Amino acid sequence: MLEVIDLECIRGDRRLFSGLGFTLGPGELLHLQGHNGSGKTTLMRMLCGLIAPAAGEVRWQGENIRHARETFHRDLLYAGHKSAIKGDLTGVENLRIACRLAGITVDERHAWDALERMGLRGHEDLPARVLSQGQKKRVTLARLLLSRAPLWVLDEPFTALDRAAVAFLEDVIRRHLADGGLVVLTTHQAVSLTDEAHVKTLKLGWKREGDV
Amino acid sequence: MFEAMTVLIRRDLLLALRRRSDVLTTLFFFVIVVSLFPLGIGPELDTLRLIAPGVFWVAALLASMLALEKLFAGDFEDGTLEQMLLAPEPVFVLVLGKVLAHWLITGLPLVLLSPLLGLQYDLPGETLRVMVLSLLLGTPALSLIGAIGAALTLGLRGGGVLISLLVLPLYIPVLIFGAGAVEANASGLGAAGHLYMLGAILLLALVAAPLATAAALRISAE
Amino acid sequence: MKARHKRLAYLAVGLAVLAAAAVLVFQALGNNMSYFFSPTEVVEGKAPRDHVIRIGGLVKPGTLQRGQELTATFVVTDNAHDVTVRYTGILPDLFAEGQGAIAQGRLNADGVFIADEVLAKHDENYMPPEVAEALEKGHQQGKAQMSGDQP
Amino acid sequence: MSSRLVNWFHFSSPATFYPLAGRLVPIFAVIAVILIAVGLYLSFFVAPTDYKQGEGYRIIFVHVPAAWMSMFIYLVMAFWAALGLIFNTRLSMMMAQALAPTGALFTFLALWTGAFWGKPMWGAWWVWDARLTSELILFFLYMGYIALQGAIDDTRRADRAGAILLLVGVVNIPIIYFSVKWWNTLHQGASVSLRGDVSMATTMLVTMLIMALGFWAYSIAVALKRVRCIILERERDAGWVGKLPEIRA
């Protein structure tokens, strides 16, 4: 269970949001909406503990994430704007290192398998710098297939993906939710996933925020 | 417990292997700086022997600093740093891994090469041994201390110059004891005291620097 | 609770490393690390012969001889042993017999210290001349005291 | 000092501290002017000539208090930085930032007057002695802090990054001091004195203390003035700033 209580964010001179609160339980998806610069990415980074809130707190399983950082990060998967992919390493190497950093050991066969399911067959062994934008994104998102973390925070996961990959990713997310996972995501693309029943919506930058 | 740390070390070594030019740049910088002094000062061996400890240590210091800028920059730009901060391990452990890898890539080759360069300065064998030992103890401390500066200046305009301003004053104790050890040996005073101090500085840096660097990384990545 | 154990382990390792560092510092303190020697150490042959060193002590009263062309010879003492110092150049204002001085240079083969630079030791004792005179009188008995004062 | 600390804890909100600082600045400025004027008069006309150093020693009445302040201000800055990191108080970070230029100024003053004193007394403008070298490094540390603050646009990041640098520096200062002390030193160990008892004539001591207090008052006045500017700059969008008479005018 993810609880957000009375969160406030000040970037530079600007107050991006304040008094923001919501809770997200197992099997629920939170769709963050808002125009550019309304603080979606900032809020996501704050949920992950990368940015300290100016006021308020984020709780995971009832504990402030500041105090239980390591347990929280074991339960968290964050895919941000930046791919975290090294151009000099191959897709498999990138994926395995990313997983190990997140605390899961993945053997080579599973990594190959995950990349193949992400539609990267034949590209697993190429240095990532020769891959296209969409292919790099797929390498990043292959982590979702191997992750055991219940909480996924995904910043624009659908950009740069083709239609088939979008559908596949939606499926992965649906399955994660069905298994009792939690997802927070933003997207500018219209995807069928965000119209489903268990989806909560949070609008940032509109007249009154925080009403979920 | 140190799983994530060893992963990072191995990854950075692999990256260095695939992109050797970065490693060689630092090494050549060291070689060139050390070799420039005889050209500027003249080939008189007495003088060269006298200045050798200072020259080698200052060159090692500058080379170490030159390499610092890249320590976290790559990970910061491509987002790996975020993932490091989100790893279920204490960040200072990961920092220790990064710094260790950085030293293996930029510091160790320089230490290994130094006795060869020491021959240019007509240093006796015993003094060469002390020099290698002092560099072996001192250069990791330089990397550790420098990491704090690299983390603080991450992503700033003119970061490179700023790092020197922040880090060089903090390097001074290492320089003093490092060059002091070599000189003390050359003059017959005995280098033990200086080497003990270098060891103490290294241990202190080993504990304190990763903590400060981790805190600085959090701030810079916010 | 595992996280807490882990944190304790890190703390223990950190403290152990710091303790090791402290041990090394004490080891280092047992070694002479500076090129500063007292006349006693010079006489006992502890100072390297072919290296620039510094010696410090009192200028022995009555030993300052000014030779030709600014050459001065004087004896530096720590009240146990003496070292003769030869220096060519202008001595600083504070330089005087009975006062502390530090000379930088090399020992020659005869055990005479050839100084490149002579610095007068200053201390934190500031006083008007009258007081100083009175004090000097009090010390006429010649009970020279040694005290390691810091500027 | 202690009363100042208490005040700053109480008035840790910029909005309440700003007017308080405004009232304190002129008081400390007047104290500083009086003390420094009296101190200078004493040092040049009243304090007796030194029996050994003659008239030249009078520069210590500026030099020694400046050296004290240079070190002390760094410690105070580190203290504010630690406070700011632990309790997340904006004001203490602003205090650290406001003190930095004054600290650098005193460091420079101490080095500069020291050189003028060293030439006649020691016989050299500059010696690579422990005190001098570590004071020079202290100056570099101040410069590093100021440069780092200047290079970061985001005030929150600038505050926290600067605070870490200050704390790292404060750990390093003793190490730096002892390392240069071992390395090469003018004053080490076997210095011998024929007189071990009296240290300084009372007039001289009083003069030096008055100068030190004057520098204190000056530092406080300048730091408060500067912190007021920093508060205004950072809080320019806050409601209370708009209501200030000097802003409305």
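Which chain is which? They are A, B, C and D, in the order written, and residues in each are numbered from 1.
Criterion: a contact is a pair of C-beta atoms (placed from the backbone, for glycine too) under 8 Å apart; a residue touches a chain by one contact, two chains touch by 3 or more.
Predicted model, so just to flag it, every value in this text is computed and none were measured.
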Highest contact count belongs to the pair C-D
Taking mean C-alpha coords per chain and comparing to the overall C-alpha mean, nearest is chain B
Chain-centre distance (mean CA atoms) for chain C and chain D, in whole Å, is 30
Cα centre of chain A to Cα centre of chain D, whole Å, reads 49
So chain D residues touching two or more other chains come to 182-183
Flagged in chain B as touching 2+ other chains are 90, 180, 197, 201, 204, 222
Each of the following residues of chain A touches two or more other chains, namely 70-71
Chain D residues touching chain B in their complex are 137, 140-141, 143-144, 147-148, 151-152, 156-157, 160-161, 164-165, 167-169, 171-172, 175-176, 179-180, 182-183
Contacts from chain B onto chain C in the complex sit at residues 1, 90, 180, 184, 187-190, 192-194, 196-197, 199-201, 203-204, 206-207
Chain C residues touching chain B in their complex are 6, 9-10, 14, 17-18, 20-22, 24-25, 27-33, 35, 48, 50-51
Residue set of chain A touching chain B in the complex reads 45, 48-52, 70-71, 73-74, 76, 78, 80-86, 88-89, 93, 97-98, 100-103, 105, 127
In the complex, the residues of chain B that touch chain A are 3-4, 7-8, 11, 14-15, 18-19, 74, 77-80, 82-90, 221-222
